[in-house]
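So, here come the structures, one by one.
Two complexes follow with chain A in common, the first pairing it with chain B and the second with chain C.
Take a look at the complex of A and B:
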């Protein structure tokens, strides 16, 4: 199974996106400055945007989905019940998974943004995907919600999972690091080796690195373990 | 100073709360009422009963600088330059002066080459930065920030925090899930199911959260 962006180019005025890379099964974390092209990468990878040049190629990818940065973009139903059904999942189970048990008849727009985000992600995670693209899955979530999303991402790692995020503190167990820099996709490598060269690393990782401590991976447990090593 | 008395509105049930001048973080689980309380402070909603006042008066829309949690809701105009200039034009600032301030503001976050761009072509994080500039450009005394930080990378967040701290705003109230940011505020309010669970300084609040995932990384690291 693989996703290839072969000599892909996409232009918006003077801004250019460039990628010539391949994603294989595992969790791929994509970071980068605001406006660097992370969402463009997500849209191109999901084939919701057509490249101006090159090709986005799927090999053995039979199911795919994209979670948008803003959960309200996904809403199609007037109740959580209808919303869950639009994903083809059991509404009661989806509500329970998102901590909204018994609230299946509520209007999605009456939820807080964090509740809506977790509900929408819960619906996605109740199915298995060959290609799962998550654009800022942690924004608006409280720390327990972020940890739940990290667990769910781990359960889908037999497929290709692309996670683009600015999250600073709670990240999933990651196989490969990528960075977007002014429209150019760059492979940083597997964890933990890639951490050393990670330019857009979150604050805690930068702090640890400055102290000469490299975490084994990016999960909360990995970061806390590295903090302990720093104190030794 | 923001004062809440016997407030009932949607999930919120707050008997009494005083938010002094300075920086305050509202924290709490998803659905605890943080955004609802911020919208009341910004005058975008009225309580069913009880009262909320800002410097002794009932807040009205536009009386505070506000960044909404939905970036698309912040924009009124299609072009970035117009969006940033709007608060100045509404105050009848001469066009030349408004344009000068817009160019200066855009340059502080690296958006100076994007002024002619349509708002809908900005990335999510760029929209948040635009909303921040738009909120700050008319130098508001009260700044209400609804979790804007979750859309920003580390470096952009540092930039934004510098802009906020140098803005001259007398009162900054923000909700955030970034506990390191909350720990840097002068005061922290914990909301739970619409009620104020605790309020106090970070030194008073965070020790009670040490066994949870809400405990700031900076404190665990001794920074």
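Take a look at the complex of A and C:
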């Protein structure tokens, strides 16, 4: 199973997106500042955007989906029941998974953005995807919600999971690290080796790195374990 | 064109010329062809072709009923093309500058702010519609009549949410009426040339064709 972006270019005025990389099964974390091109990467990878040059190629990818940053865009049903059915998942199970047990007859627009985001992600995580692209999956979520999403991402690592985020504190267990910098996609490598080369590393990771301590991965437990090592 | 004042002036002049006569419309089209980049971008707009389709239907019906449908098609088509081209060339903040320059810091600021927010809203609605279409395709749903209520409701909902946020933001910043804005315009030689050509088009559209072309019998 492989997702290849072969010499891909996409232009928006003077801004240019460039990528020439391959994604294999596992969790790929794509970090980068706001406006660096993470959403463009997500759209191109999902083949929702046609590149101006190059090609986006799928190998043995039979199912793929993308979760937009704003969950409202995905709404097509007038109740959570209809909404869950539109994803082909069991409505009561989806509600329960999102912490909305028994609220299946509610209007999706009456939920807070955080609740809606968690519900939409829960629906996606209830299915198996060869290619799962999550654009800013942690936005609008509280700490508990972010940890729940991290757990679910970990359960889906048999396929290619692309997580683009600028989240600084709660991150999923990651196999490969990527960076988007002014439109250019750069592979930093597998974890934990990639951490030393991570230019836009979050504050806690930078602090640990400065102390000469490299966490085994990016989960909250890994960071806490590394903090303990710092005092050894 | 960089200068919004000349662009607006040219747009108004060419719209009048186009409305007045078919030669005026043809000359306006020629004026538009002097900016092929903008014209090319305008032609990519699906909304432009949808509107043009309706114009074609009305023009055909007019022609078939014995009236001058062709003239209606040419003139209306060029006016729509002009409108889309001006919309394409918009840069954030320039209509606020233009309005303040025209009407002052009180009424001008309010009008400019309303225009800016409306155009920005149109741009956002267009982006949102593209995202919604993508989300539908990801669910394996084909856009159709059944989905119109859902998509329409979603678009209205997101617009209302955005409007509420903008209103809160303006209130938080202490906006009541009017505001301080120092308009800045950059005028290139090309802008001046295009402006003069637009005046020329208006002038020529007033003249009968036989006065422009000396036809020998």
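Simple rule for what comes next: the second predicted complex is superposed on the first by the 232 of 232 C-alpha atoms of A that agree within 3 Å, B and C clash if a C-alpha of one lies under 4 Å from a C-alpha of the other, contacts with A are read in each partner's own complex, and residues count from 1 in each chain.
In this section, a contact is a pair of C-beta atoms (placed from the backbone, for glycine too) under 8 Å apart; a residue touches a chain by one contact, two chains touch by 3 or more.
Keep in mind that this is a model prediction, so the values were computed, not measured.
S.K.: Could you classify chain B and chain C on chain A, in the superposed arrangement, as clash or fit?
M.R.: clash
S.K.: Which holds for A:94: it touches chain B only (first), chain C only (second), both, or neither?
M.R.: So A:94 meets neither chain B nor chain C here.
S.K.: Give one of first, second, both or neither to describe whether A:171 is in contact with chain B, with chain C, with both, or with none.
M.R.: neither
S.K.: For A:43, using the defined touch cut-off, is the partner it touches chain B, chain C, both, or neither? Pick first, second, both or neither.
M.R.: In the superposition, A:43 touches chain C alone.
S.K.: For A:77, is the partner it touches chain B (first), chain C (second), both, or none of the two (neither)?
M.R.: Second partner only.
S.K.: Just chain B (first), just chain C (second), both, or neither: which does A:86 touch?
M.R.: second
S.K.: Mind telling me which of the two, chain B or chain C, contacts the most residues of chain A?
M.R.: Of chain B and chain C, the partner in contact with more residues of chain A is B.
S.K.: What is the contact status of A:163 with respect to chain B (first) and chain C (second): first, second, both, or neither?
M.R.: Once the two structures are laid over each other on A, A:163 reaches no partner at all.
S.K.: Identify the partner contact of A:115: answer first if only chain B is touched, second if only chain C is, both if each is, neither if none is.
M.R.: In the superposed model, A:115 contacts chain B only, not chain C.
S.K.: In the superposed model, only one of 62-70, 152-160 or 170-178 in chain B has C-alpha atoms clashing with chain C. Which one?
M.R.: 62-70
S.K.: Starting from the residues of chain A touching chain B, keep only those that also touch chain C in the other complex, and list them.
M.R.: Common interface on chain A, chain B vs chain C: 70, 72.
S.K.: Can you name the residues of chain A that touch chain C in the complex?
M.R.: 43, 46, 48, 65-66, 68, 70, 72-78, 86-87, 109
S.K.: Provide the residue numbers of chain A that touch chain B in the complex, in ascending order.
M.R.: Going by the criterion above, the answer is residues 12-13, 31-35, 38-39, 69-70, 72, 99, 111-115, 117-118, 136, 138-147, 166-170, 200-204, 206-207, 220, 223-224, 227, 230-231.
S.K.: Residues of chain C touching chain A in their complex?
M.R.: Listed in rising order, the residues of chain C that touch chain A are 128, 131-132, 134-139, 141, 147, 150, 154, 157-158.
S.K.: Which of the residues in chain B end up touching chain A in this complex?
M.R.: 28-32, 34-35, 69-72, 117, 121-126, 128-129, 147, 150-157, 177-180, 212-214, 217, 220-223
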